Structures are given as C-alpha cells and as structure tokens.
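Below, chain A partners chain B and then partners chain C, in two separate complexes.
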Partner chain A sequence: MTVTATRSRTTTLARPVRARRRPDVVRSRAAAWVAVGLIGLFGLAPIYWLVVTALTPDETAFSFPPSLIPTEVTLEHFVNLTKNEQLFGYLINSVIVSVITAVLSVIVSAYMANAFSKFLYRGRTSLMHLVLASQMFPQALLLITLYAVFSATGLLGSYAALVLSFTTFTLPLCVWMLKGIFDTVPSSLMEAAAIDGASRWRTLHQVALPLAAPGLVAAGLFAFVRAWNDFIFALTLADPERQTLPPGLVHTYLGEFQTAWPDLMAASFVVSLPVIAAFMFLQRYLVGGLTAGAVKG
Partner chain B sequence: MPPMNRRDALRLLGLSTLGVTALSACAPDATGGGAARSSGDAAAKTFGFTSWSLNEEAQKAAVQAIVDAYASAGKVTINTASFPYNEYLNQVTLKIRGGQLSGAVQLDVAWLAAMASLGKLRDLSPQATQGGYTEVALSSGQYGGKQLGLPWTTGSIGLIANTEILQKAGVSELPATTEEFEAALTKVAKLGDGIVPYAAATKAAQLKDILPWMKTFGSPLLDGDQITVGDDASVAAVEWYKQLYDAKLIAPDVDRFDARALFAQGKAAFYDDAIIARGVVAGQSPDKSLTEKMKPLPRPVLDAGGTPQALLWGHVIVVVEGEGAEAAADFAKFATSDTATVAGFFEKVKLPPTTTAGLADPKVAGDAFTAEWTEKITKTATPNPFWRYAGYGQIETAIAEQVQAVLVGQASAKDALAKAAETAKGLQK
Partner chain C sequence: MRRLSDAQFAWLLMLPGLALFGAIITYPLVSALVTGLFEQSLVRPGRLFVGLANFADVLGGDFWPVFRNTMIFTLGATVAPFVLGYALALALNAGIRGSGFLRGLFLFPWVIPGVVVSFLWLWIFNANYGVLNGILGTRFSWLGDPDTAMLAVIVTKTWASFPWMMIMLLAGLQTMPKELHEAASVDGAGTIRRFWSVTVPHMKGIAGIVFLLEFIWNFQHFDTIYVLTGGGPAGATKTFAVAVYDTAFKGFDLGHASALGGLWMLLLLILVAIYLRREKEDAR
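The block that comes next holds the complex of A and B.
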C-alpha cells in the first residue's frame, strides 16, 4: 500500500510539471527529430542513390528525368563483380597496403607521441608543430617529391612506396591524436612502475600502451581509412598490378567516352563494406579513442 | 620523466631500421611491372606501349590484339601500361619526366603540345611518309614543324541529329545555316514533352564547345599569337548562344555526359559529340533503333556556301626517346597504317582509320555513318588553335567561365570575352 501511495503521489506531483513543460519539450523534440531527419537524409541520400543505381539496368540508368524509385531492378551489376578477377586483385592490394599503413602508423606514432608527451627536451613544442606543419603541404607537392625519392631508391611501383607515402599523411594526425591520449596516462603510474624496477621499455609497453589502447585503435582506423580511400598516390606510385581499389575502380569503369555507372556503383557499394564492418566492429574503441584526452584531469 | 638514455635511443633506432627493412622487402625487383622500364636489352627488342584504351572495356581486347599481333610477328616484347583517361596526361608527363616511361604512347591530339614541351618525343617523319595517311590526319600529329605523332584515329566533334524527332517537329531537311538551325530548334521546342531542342554544352566544364561556333561567326580565335576572343565575331557568337539559352532552345547545366543521356533517351534533337558517339549512345538507350535515326550534320554556317566548322579530334601514337624507340616507332606505324590491322580495329571499335587505304577498305567505306561523318564533318575539321600552348586547358576554362557568366546574365558578352582574353593572354606559354 505504501508503495502504491508513493507511486500515486509521485504521479500526482509529476503531472503538473510535465504539463507545464510539454509544449517546450514537444517543440524541442520535434525540432531535434526534424534536424536528425534532415541530417540523415543528407547523409544517406548518396548511399541510397548509389544502391538504386547499382540495382538499375543499364538501359534505364540514364532515364530522363531520373527516377527516385527504380521501375526495374537487376542484380546483374553485382553478378558482374564476381566475374571480375582484376577487381579482386585491387581489393587484395587495398587490404595489404591499408593494413600495413595502419599498423606502421600506429607503431611509429605511438613512440613519437609518447616521446612528445612524456619526455621533456629542448625544441619539443617546435618539433610537434613541425610534424603538424607537414600536413599542410599540398598533396601534389608531396606526390612529386615522393615520386622522385622512390624513383631514385628503386621503390617506385612497390607496396612499400604506397605504404610509406600513405604514412606521410597519416602520421602527423596520428601523432597528435595519440599525444593527447598519452597526456592522460598518469606519469605517477609510470614512475611507480619504474620504482618497482621496470625498465622504460617495459613501462611503455606494459603500462602506457595498454592504457592508450582505444586511442591506438582510433588512430589505426583513421590511418586505414585514409589509405583505403587514397586515389592519386596509389595511381601514381604503384605499378598497375599493385594498385588499390580507388584507381582500380576508375581504371575499370571510367573511360574516355563512357562511364559504367551501375557497375561502378555496385562495386563502390561492395568495397565500402569492409570499412563499414571495421567501423562497426571497432566503434566502442573508436569513440573512446577519439574523446580520450579531450578533457584533462 | 628523466631524459632518454643512449640504450633507449639505440633501441628506437633499431626498431625504426627494422621497420624500414621490412618495407624494403616489399620493393619490386629490377624487372618489376609497369611501363617500359629500361631492361638493358641492347638489341632493343623490348619497349613499352602506354595507352588508356588498354583498360577500357570497349577497346581493350581490340588494342591488345594489335599489340599481340605485332609482338608475335616481330618477335619483340611489348610491356603495356595504362592510366585512366582523365588522369592520363598528368601520369604520363610525370613518368616521362622521371625517366620511367619510354616507347610508344597513345595520346589525345589535344595533348601533343604538352608532351612535345618535354622535349623527349621522336620525330616520326620517316614513318609518316611511308604510311599513306590523309593530310588532315597527318596534321593532327604535327607540332613545331615536326611529325611527332602518327595518327591512329582521326575524327571530329560535330553535330548529330535525331531524325525521328525532327520529322515529328516537321523538319524535313537538316539545317545548313544558323538561320535554318534556329528555325528547326524552334519547331522542335513546340513538341514539348521535355525535349531539349539542342543539348548544347552550358556547363563551364564543356563550354569549350562554343569555340567552333565562334569560328562559324568569323573569329579566328588566335591570329598568330594574338588571341582574338573578344572580337566582334566571337561576341556575336556568344550573344547568339545566349539568345538560344533565353529562348530555352538550349538547356542549362548540360555537359557532354548529360547531352548523351538526353539524346539516348530521345529527349534531344541535336547535340555535339565525337564520331564514336554512335556506340556510346546506343549503349545508354532503351531505343534499340536509335542508331538508325542518328544523322551527322555539318555545323550550320552563317551564310549558305560557307565552310562548316568542326573541331578535329583523334588519337595519335608518339614515341618517347629511349631504349627500344626504333622498334616502338615501327610498332606505331604498324598499328596506325597496316590496312588489315586498322580495318579490323575499325570493325571492332568503330574508330575511323587515318590512311587513305584504310578509309577505302570495304569494312570502313561500307559503314554509311562513318563515311558520311568523314566526308561531311571531318573533312573541314581543324585543330583547336589553343592546343599549341601547354596551358590550353586553362585557356579554354578561362573562356568557358566567362561564357557561362554571359549565359546566366552576370555579364555582357563583350565584357566577359574581353576578360577571358585578358586571362588567356597570361596563359600563352
């Protein structure tokens, strides 16, 4: 009975409050839903158009005016994908260079970020800004420089050229991202480990890095996506048999006179699935990694 | 934290070295793929052939067949490479400059000046004199008084009509003058049903299509090194174009791809395209008989009896100096002038040959559309005069942007073209 009375009292008390706030709440909720709807529409419309075009037969893909809802549907373009061995080769190349780029970026940037965060030495701040400044160079300038360097060293056309070039533009942001994360690892923990006899190497690997794991995942994912999506470096620095998916798709579907839009859309949809899967799988680490270090203390 | 000691520094250095070593292991060997690397073959039986067509679905099998035929007959090795058409010029330029590319290279005729400026193209005059090429074709491969390219296919960008729409509109004869053209467009406009009478380029990206119209109105575009865009004739051409735009006889925001789509769907009576349009449009159209309704027509002239204007279009094969250049030049001659080869190539891809014998071959001469196009349009086609400048693309863009400003009513034709000419002058190099 007491419980019932309490419920009843609570309900009675709550009602006038709700009633007073309802118009504001409804308005703000409606506004929020409209905003979410618009943003969702804005974000999903290209994906919708991509899927619709991929499912449209060639003859009707160019119908004018274009139709939002396809009148005919075909899986032909997805079937075509399975027959294209060349695309599979591009996919393998993409996986190889994107994974190695991500791993290399994380390894190098973790050590650099740790050095920026936990060591005090003259010129540290300038060095950090120098690392970030390298991100400001136009890509064309970097490309030509890298082309000359790789040509001179015999790396041109190789996976190594791709990985190293991708790393040049993933590293600065990874370092800054991870520096913020290492800043949140209490120095006292590392000092305690040192007092217990752990070497600096062991302290870094057994104390700091595990604590920075979400950040490492976020940085790795960032590097992976940048490498996965790059077009111009992959086209210029790799041999045809080592090119990745973006130039591969252009090679396969875009021509001087004709673009196989439905096939291109089907291929684009399929090749974006691994990235989507990676994001979904690593989402919890990603959110933690991106926000870690945002607030100190 | 205490400063890093020497041991830690050495560990980090060791780790970095290990990483670099691991990456280096991924490096290709000396014979790694790609185009035309120097193989050290003193007999020069190995050379490269770089071509965007080698990777385009409609052409790759036919091009590869030519490569294979020459390689097996001449017992040479041809290393092929390909880049997408839109990135091709940049990629080839970079690789030639870097010494990574030599041998035969397919080029769009518009790119010849840019390639020639690298100073590495071989003069192919000896091959050209033996090939039996037509004069107009030979002109597409000439630059600076030299025959730097052997013409592979020579055509033009001209006007194509949908005769079915014209018949419905009551236009029985293809228009020969601009006045007749306007009258035909007006009749087509009355059909309604979303039909664009003339799917002319109105997007800046493709507004270079205005240049043949400027020539039609009497502007040379370039007189010596003097840009004449902005003269009375070019202003009159743009004002006429604007008049078509305002009367909705041409539509806003149309580029070549849009125009093809409109034409393929039976929603445009006229549009500009290259001779290869027939196959491209057919692939996009639900109307399987559309190609039978397509008719090439010379660009209407200002006064009856004038010379129709058309932009020369085509592909040439150039040879980049380096190991195997001699064999590459011979391959270029074979691919472009061997009658059986060029006729067979035409049969597969419908790109017109460049030799008199090739054009006379029954496989080519028997194709009415190609024969008509060659006779009516290509015969009087001329190269874009700005192609002689490496920055021709920027010059075209400068003009196109100003013409678009006129179309949308932001500037008068006179002011806009004067501005375009001023910008273009700075790009003549």
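The block that comes next holds the complex of A and C.
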C-alpha cells in the first residue's frame, strides 16, 4: 500500500503540473484528517463511555458531573453479571435461537440462491425482486397477525416462533449474497459432473456447495447476528422464560426506580462481543455481500 | 423415476424459502390489511365487520401527527448519517494513513446490537448523571422534553447508521477511476470543483440508492425509538412503527392498528416501488 502510494506520487511529481498539485494534496489530506477527527469523536466517544461506565464503581458513576477519565477502575459489574441467573437464562436462549436461525438460514437460502443462480425459468427475475423487496415490509405490522398465526398453531412463546421469523427475515440478504457466490462457481464444473453421471442433487451438494463454503459461513454469521440483535419479535413472540438478551436486558434493568447503569453497560458490552467478533470475521465479505444484497440488481 | 425438468428442480429448491415467505410475510401481511376492516381485539375472540370505519377513525385522529413525526424522524435520521458517512468516506478515500484500520473502527456503532445503542444513549442523555449534561453543565431532560426528544432520537439513530453509509459510499468511491480526477486536475480543476464535477456524478447511482434504502428502513424503524422514549413525551416521537405496535399490543385494538398499518404500508409501497425502479436502472 505504501509502495503504490509513493510510486504514484513520484509519477505525479514528474509531471509539469507538479507545483500546483502538491499543496492541493496536502490541503485535502489535512481536511480529511479534520473530518476523521470530528466524526471519530462523535462515533467513538459513546463507545469509550460505555466501556468507562462499565468499569466505574457505583459511587463515582453516579457523581455529577461525571469524570471523563476514570479515577478508579473495578470489575465488580462484570462479576455481578456472572451471578445473575436470570441473565444467564436469556444468554442461553439467545445462543439457541441464533445458532438454529443461522443453520436454517444457510440451508434454505443456499437452495434458493442456487435456483436463482444456476437455472432459468419463468418468473425468476420478478421473484428475485420480490425477495429483495420483502425485507422492506414493516415488521410491526406483520407482528399483528403473526401473533395470531403463532397463537393458533400453538407456537406462540416457543423458540420455533422466533427461529421461523428470524430465518425468514434473514433470507433476502442471505439469498442475494449466496447468489453472488454461486454466480462465480463455473457452470462448466457442474456440467462436467452431470456428464459424469452425477444427479442434480449430487452436483449441488458435492460441487457447488463446497466451492461456496466461505460464502455459506458469511451468510450464517449474518443470520446469527440478525437473530442475536432482534428486539421487537423476541419481545412480543417469546415467553418470559424463552426471551433473548435484548428484551431480557430491558426487563432486567429498565423501568426500575434507579437503573443500575454500570451493570447495564457491562451487560451491553458482553452482549456486543459476539457480534463484534462475527463482524471482524465478516469484514471481507461485508461490502461485497451488502452491495450485492442491497444495491445491485 | 421421471427426471425433473430444470424449472421443476429450481422450484423444488425454492420450496422451503417460498413456504417461509408465505407463512411469515405474505399471509400475515394480507391478513393484517383485511383486519383493518374489522373491529377486533387481541384479547377477545371474534370480530365485527365495520367496513372503512377504522380507516376513517384513524385518518381523523392518529394518522396525521404520527405521519408528521415519522417524516421528521425519517428525514433527519437519513440526511444526517448520509452527510456524515459521505464526508467520512471521502476522507478515508483521500489516501490518509491507516484508513483500513479506521474503517473497521468506525463500524462499531453500526455493528453493536440496536438495544445496546439505545441503552448507551439513554445513559448519555440521562438528566441527572448523563455525560452530555456533565459536559454542558446542565441538568436537562433531553428525552423527557417534547422539544428535544425527537432531536435526541435522531442523533442516536444517526450514530448507529452513519457507518453503513460510510462503508457503502466508500465502496462506490473505490470504483472511481483515478484518471478522471487526474485529468480534471490537469485541466486546472481544484478539489471542490473536482468533487462536484467528477465525484458527485460518478456517485449518483449508489448515493441515491443508499439514501433511499436508509429512508425506507427509518420509515419503519422501531427499536431505538421504543427503548429511548416509547413514543413520548406527549406523543412527540410516536412514529408509525410505535403507534401500530402500541395500538395492537398495549391497546389490544387490532382493527385500528391494522388500519393505521395499512395506510403506513401504502406509503412504504410507494417508496419500495421507487427503490425497485432505481435499482433496475442502476443495474443496467
């Protein structure tokens, strides 16, 4: 990276426009750093505050004005979390629901994406657009009758109600992401397998899916995060004992007379960790997947 | 066994996905729109056909203030992150050192769960101990005052979504051929002139689509508003999502919730139609 930068600068210097161009570059770099600094302050100061509050003892956390640099650091709030059995229950629920959602999403969206990528049939394009558009339907409106549907089928309050809903909501992006991946699997490979006598199922499972493995992992992680983060569906469709962390944290901490802010910030930190880890891994696929799912036709 | 045709095999592959879409999205959606024509409660069985009475009630009552709130929230929470995200994308694309690392760092507000975002800003805006009041030397209830509650909610949502704008717009900027800028520069165009005449036209497609997409998402956003203010104070932040949810699950009035939701859906469909048309043009 540095090498290319230096090289391009040298070529620019060799040009006659040199005298005009250099201050221009310097000035726009300076402007870039000012922008990064200002937006960085807005973007990162709250995260800093989350971590600082989680590490501050109760007495100092509730002093006013708060001190921006911690004078005393404690891990008591993280220890408090481990003692809270109710929170542990929410955590288990979150793990169960998110993992099943991830697995189910990958299976369902891989088949669907394969159909979109490798076969031509009537209605394919319209269906693809419909799938894309379905992520824009308002969830608060869906909930009204979904509640009734799950109630009538006896699924209301169960893990299944959450998993089925979350899987459906992850499908649009997963399908589009995986379609992009399957498009890069050469059809000649699949044709060769077919000529060798492999059935369509075998070709799909032994040729296309292994080649798409990194994409499947990315789609699974995305689905995991979607289920892990959901609030409104878990709040409404799950029993109190099957509630996941987001509504669980609201029930545990908010609405009390005095919220235990440092405990809540410590819990928030812990809840964010798996998502941050997933995204660090996903970074590579992120832009490609998002632009494919959200922007490109 | 007869061998399936390609089309039959493709439909077979899509079957589980289509079944889920049908059961979790299509049926509930259609059924919700029908419910708008009935007087129906969440807690009592049975329903009574009332025609368009619910729609008339809603249009004479909740609809307009909620529409106004939704528009203010949606516009604010779309324009602000768009501007911040665009500025940051331009800055990171200007060849400053460590931009890859910074890009990853700036993603944090966007990747942490929405409920955590809400908790964090509830704490920042706290009237008695909040760090914002600490810095300003005030003891103001930002979320409790009808004049500032919406602003506070917009700031929170802006914080959570500018990284997405940044990453999408940065992806667009990186596809821009360097020669364009160099040629303009040789012709004597300064930084600002090059931005308006080279960058903006190149970015028009992607910028338009990310703006529209964020607008659509904000138009139905629920989490942040619900946790921060619950639609209050005095209905100052009550958007469609909160109003529909509260009418159905706190007021138990499914008929009115569905009528309001139906009108909301109609507005959303217009937006989605614009999106699909733009997206088709962009793909060409």
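By our rule, the second predicted complex is superposed on the first by the 228 of 297 C-alpha atoms of A that agree within 3 Å, B and C clash if a C-alpha of one lies under 4 Å from a C-alpha of the other, contacts with A are read in each partner's own complex, and residues count from 1 in each chain.
Everything below uses one rule, namely that a contact is a pair of C-beta atoms (placed from the backbone, for glycine too) under 8 Å apart; a residue touches a chain by one contact, two chains touch by 3 or more.
Only a predicted model underlies this, so the values are computations on that prediction, with no experimental measurement involved.
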Partner chain in contact with A:50 - chain B first, chain C second, else both or neither: second
First, second, both or neither for A:164, with chain B first and chain C second: both
A:99 touches, of chain B and chain C: first, second, both or neither? neither
Touching partner for A:209 - first (chain B), second (chain C), both, neither: neither
Chain B versus chain C as contact partner of A:198, first or second or both or neither: neither
Which superposed partner A:91 touches (first chain B, second chain C, both, neither): neither
Which superposed partner A:133 touches (first chain B, second chain C, both, neither): second
Partner chain(s) touched by A:144 [first = chain B, second = chain C, both, neither]: both
Chain A residues touched by each partner, larger count belonging to chain B or chain C: C
Partner chain in contact with A:59 - chain B first, chain C second, else both or neither: first
Overlapping contact positions on chain A, where the chain C interface meets the chain B interface: 61-65, 107-108, 111, 115, 118-121, 144, 147-148, 164, 200, 232, 236, 247, 250, 254
Chain A-facing residues of chain C, complex: 4, 6-7, 9-11, 13-14, 16-18, 20-21, 23-25, 27-29, 31-32, 35, 42, 84, 87-88, 90-92, 94-96, 102, 104-109, 111-116, 119-124, 126, 128-129, 131, 133-135, 137, 139, 159, 162-164, 167-168, 171, 178, 185-186, 188, 190-191, 206, 209-210, 213, 216-217, 220, 222-223, 226-227, 240-242, 244-245, 248-249, 254, 257-258, 261, 264-265, 268, 271-272, 275-276, 279-280, 282-284
In the complex with chain B, residue positions of chain A that touch it: 58-65, 100, 104, 107-108, 111, 115, 118-121, 144, 147-148, 151, 154-161, 163-164, 187, 190, 200-201, 232, 235-236, 239-242, 247, 250-252, 254-260
Chain B residues within the chain A interface of the complex: 1, 3-4, 8, 11-12, 15-16, 19, 23-28, 30, 32-34, 52-53, 55-58, 81-87, 91, 94, 98-100, 194, 257, 260-262, 264-265, 267, 274, 276-277, 280, 283-286
Chain C-touching residues of chain A, taken from the complex the two chains share: 5, 8, 15, 17, 20-21, 24, 27-29, 31-33, 35-36, 39-40, 42-44, 46-47, 49-50, 53, 61-66, 68, 107-109, 111-112, 114-115, 118-122, 124, 127, 129, 131-134, 136-149, 164-165, 167-169, 171, 175, 200, 204, 225, 228-229, 231-232, 236, 245-247, 249-250, 253-254, 261, 264-265, 268, 271-272, 275-276, 279-280, 283, 286-287, 290-291, 294-297
